[in-house]
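In what follows, a single structure is set out as structure tokens and then discussed.
Chain nomenclature is as follows: A, B and C, assigned in order of appearance, with residue numbering initiated at 1 for each chain independently.
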Amino acid sequence: MALVSRQTTNALVFLGPAIVFIVCLLIVPIIVDLVVAFTDMNQTVRVGEFTTAQFQKLARPSEDSWWGYELRGSFYRALSLSAIYIFFTLAFFNVGFALVLALTTTALPDWLGGLYRAVWLLPRMSPSVVYGLLWLWTVDPTERGLLNQIISVAGFEPINMKLDAPLTLIVFANGFIGASLGMLILTSAIRSIPQHLFHAARADGAGSLSILRHIVLPALRWPLSYITVFQTLALLVSFEYIFLIMGPARQTMTMSMLAYTKTLAPDIGSGQYAYGAAITLILIVIGMAVAMVLWRLTNMQRLLARPRIEVQ
Amino acid sequence: MAQAPDWDALARRSRRGRLLKSTLLIVFLTLVSIPVLLPFFWMLVIALSARTGGVESDVLWRACAVLVPGTLAYVALHLALPRHRLLSALVCSGAIVLGLWVLVGDELHLRNFRFLITPNLIEEIRGAATAGGQFPWVWEAFVNSFLVALSSTFLKVTVATLAGYYISRFTFRGRSAFLQGLLLIEVFHPWMLAIPIFLVIFWIGLLNTLAGPILVLTAIQLPFFIFIMKGFFDAVPWDIEMSAMTDGASRREAFWYVVLPQVVPGLIAITVLGFIQGWEEYVFVTALRTGNSYWVMSTYLYYVAEDVMGVDYGLVAAVSVFYIIPSLALYLFCQRYLTQMTFGGIKG
Amino acid sequence: MARITLNGLSKTWGDVVAVDDISLEIADGEFVAILGPSGCGKSTTLFMLAGVYMPTSGDILFDGARVNDVEARMRNVGIVFQSYALYPNMSVLKNILFPTRFQKLDNAEAKAHDMAALVQVDGLLDRRPSELSGGQQQRVALARALIKEPNLLLLDEPLSNLDATLRLNMRAEIRRLTRELGVTTILVTHDQIEATTMADRIVCMNAGRIEQVGTAHDLYARPSTRFVAGFIGSPPINFIDARAPGITAPDGADVIGIRPEALHASESGIPASVLHVEPMGRESLITCATDLGELKMLEPTPTSRFRDGDRLALQFKSEDVIAFDGDQKLMEGPITWQAADA
């Protein structure tokens, strides 16, 4: 009896607070979202009736389409913008450049490599509003903008990235932040390769490129897939920097931006909570799918390794 | 080998290859890092040199003309004389300070930072009748932000440490289901659930309070932090916990006296991450309508830049610098702890 | 194959001196063991020879040419690591073939099969390293190191992860292979049996310095320093203060060393009482308390005549005992013991 009650109090003391937080502010919201997505909730935050109207705003029945529905214009646009934005940010920065940074900084002496990694972590550690401002000043369309100051030296006319290349702008702004997480994970993965393998390969006559191909890249397979999957989701739901830099501009209205501006965005959010919840529901479904993939990339055996003390 | 190799030629080739490789790497990394650093430097220059509304791009390039050769010289000295690092650091920083003094010394001033000591700066500039009239002193926002960051960090670290220890070290029914469920929850990025969280907070009645963002910030980072702490606890050898228990400690005593001191690097890492997150928070502070009653640093800066002082670049940059300093200081001091984290048990 | 010369070689990490000014000449085709306790700088020396570490000062010469600056991949050196360092993502065959990617070699595949047959892993070529036992991994690592016909073969504690029987087999195996191929070989080990059974010459290192270079017999019978005397030999040598009552030693002697097998029980001699008796299989080791301190004696019988607490007298032959001066260096001169005047 005493053992059972000690087990219960232990669970309450150690795990209780975490469960309360997770259930109240993560699980309950997911369920709430599931319900609200099928209502007509708007600014008054009241439920009038249960309806699938919100989803009809996203897609309408169509005879021509192979799956019987046709996406509405604004949603279709948001979906394709999201796809383009995620693909390029991921390929160029969050995976591609993260790999380049991890490889190059680990090839240098530790103090120097660490210095460059610290520089690349700077954007992630800066408050988002400051970071957004920095980009606004960089791409300022007048000759005061940092970018325009630089290209005017090269003899080009001032450019207005916000107007002419908004997608490129948000890819760069998010990529400068996104590269650092992958860089950290990959750096620690490279570090955990036994030194002996590098020594053996060098003694066997391998140059830097062969070591990269035969020793380093095989060891990075799992971390790379993990980063790709995890960052896809992170980019899909991110809107903070897009909002801070571009505002509610149509050219960068990705899926998560659409949900945000229709509901909560300061001053412009129009409180269409049910509509936002419907989009969120789609994101949740995608999130679940991503989680399943992440499961496969996780070392469950290590994660679930049994504790070795049985006493409570 | 059929014949003896030409060792001298091989040595020459090796030396050349090594030099070429490190030069290429350094040049490449420096070139790609400049776009990251330059905007931050630009902000600092504006804050320190802009006079009423103007932006001094001149100062930026003159300062760069000193800093770039100075830094290059430092790296070169560092590589050439690895035994005299302190000396080369002193020489180069001395030269840089002197160069900056000569080239841009006259342009620098602290007038843009007067918002720190003038409680009603906006009134002074715009007049009390305007919207800016209700604009608070920056320290009010500072204290609120600090409060949000500190209390959410305290909650996050305490709750995540307790839970991380329990799932790492205790057997209980449903442990693997709990862990797998946590892994599932972990992918739910905070912003994704902004709308339903807003509704929940609305129904609890915490809109318009500081408590709202504090609780939400705690919850959304919790799964991630629990996994980080589990990773640190997993790495503590079982032997020391077992020997603490054979020495007469209960498990809770073993946790407090023996295991917890082993994971201090992990505690520091999540404390820093948690604080920086709370300090910078913008989305939930606005979404949960906290901004209606309480100013925090992010909303303060946002409105300074957007509404009130949009054209006074000097002032906006000075507020930005003031805002970024706590995050940056914390990050720089604790940087080495942040790189020790393990990330959710990725397959190796 | 190559003749290897180390000339005043040093390696420091910040303030820590790992290898301190060592010089050594290794003949073409010779098998040399570097023997010493962990942390004595032997592995650092090995990695400098491989080109993985850069010497802080001093030179490494292959056939008289300075190779300090030559990268590891151009030195044509084969290494076998303690952990074997097989590439986990490649099969056994791919592992053995890996070095041949980087040098032109006719029919590499056939050579790899020959190599695999030589080290007796030809049945395992498609396996992954993780599917092999320790001894098999070791053989694969050896094949990989030898396939490119290295100038120099480096073995870093290659046997320490194997169990006792396997270790015995592999010792003979490695010796046979290196003789057959005539490759210059350097073995790094902390195990004196390994060093004495395999090597032509032994280099004994301590605290970054070379203490003695010589054959196994030299090191055992004429250790040039006190460290070597204490490190070589099992059970270890007895050290006695040279100025202890009854000891007659050459002038300037600081300590004298008596091997346990040089002591024997006798009618008269150093009065001693048995502390404990340890049967060691073929012999028995008897620890005695004497006025000169604790002495260990080896009795060449499986079961001892003595019991704990027995009294006996210990005697030794003068020529079996060695003396060291204040600098811990070996001294010449006769050493005797005589009962102090009663």
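For the reader, a short list of remarks on this structure follows.
Note that in this section a contact is a pair of C-beta atoms (placed from the backbone, for glycine too) under 8 Å apart; a residue touches a chain by one contact, two chains touch by 3 or more.
Remember, it's a predicted structure, so these values are computed and weren't measured experimentally.
The pair with more inter-chain C-beta contacts, choosing from A-C and B-C, is A-C.
If each chain is reduced to the average of its C-alpha atoms, the one that sits nearest the average of all protein C-alpha atoms is B. Farthest from chain B, judged by the mean position of CA atoms in each chain, is C. As a whole-number value, the distance joining the C-alpha centres of chain A and chain B reads 17 Å.
Distance from the chain A centre to the chain C centre is 56 Å, each centre being the mean of its Cα atoms. A separation of 52 Å divides the Cα centre of chain B from that of chain C.
Of all residues in chain C, those that touch two or more other chains are 71, 74-76. Contact of a single residue of chain A with at least two other chains is seen at positions 219.
Residues of chain C touching chain A in their complex: 47, 50-52, 71-79, 81-83, 85, 87-90, 98-99, 101-103, 144-145, 148, 154. Partner chain A is touched in their complex by these residues of chain B: 21-22, 25-26, 28-29, 32-33, 35-40, 42-43, 46, 55, 57, 60-61, 75, 158-160, 162-163, 165-172, 175-176, 179-180, 182-189, 191-200, 202, 215-216, 218-220, 222-223, 226, 234, 238, 241-242, 245, 251-252, 276, 279-280, 282-283, 286-287, 291, 297-298, 301-302, 305, 313, 316, 320, 323-324, 327-328, 331-332, 335, 338-339, 341-348.
Taken together, the chain B residues at the contact with chain C in this complex read 1, 4-5, 7-8, 10-15, 17-18.
Against chain C, in their complex, chain A makes its touches with residues 194, 196-197, 199-207, 210, 214-215, 218-219.
In the complex of the two chains, the chain C residues touching chain B come out as 62-63, 65-71, 74-76, 149, 151.
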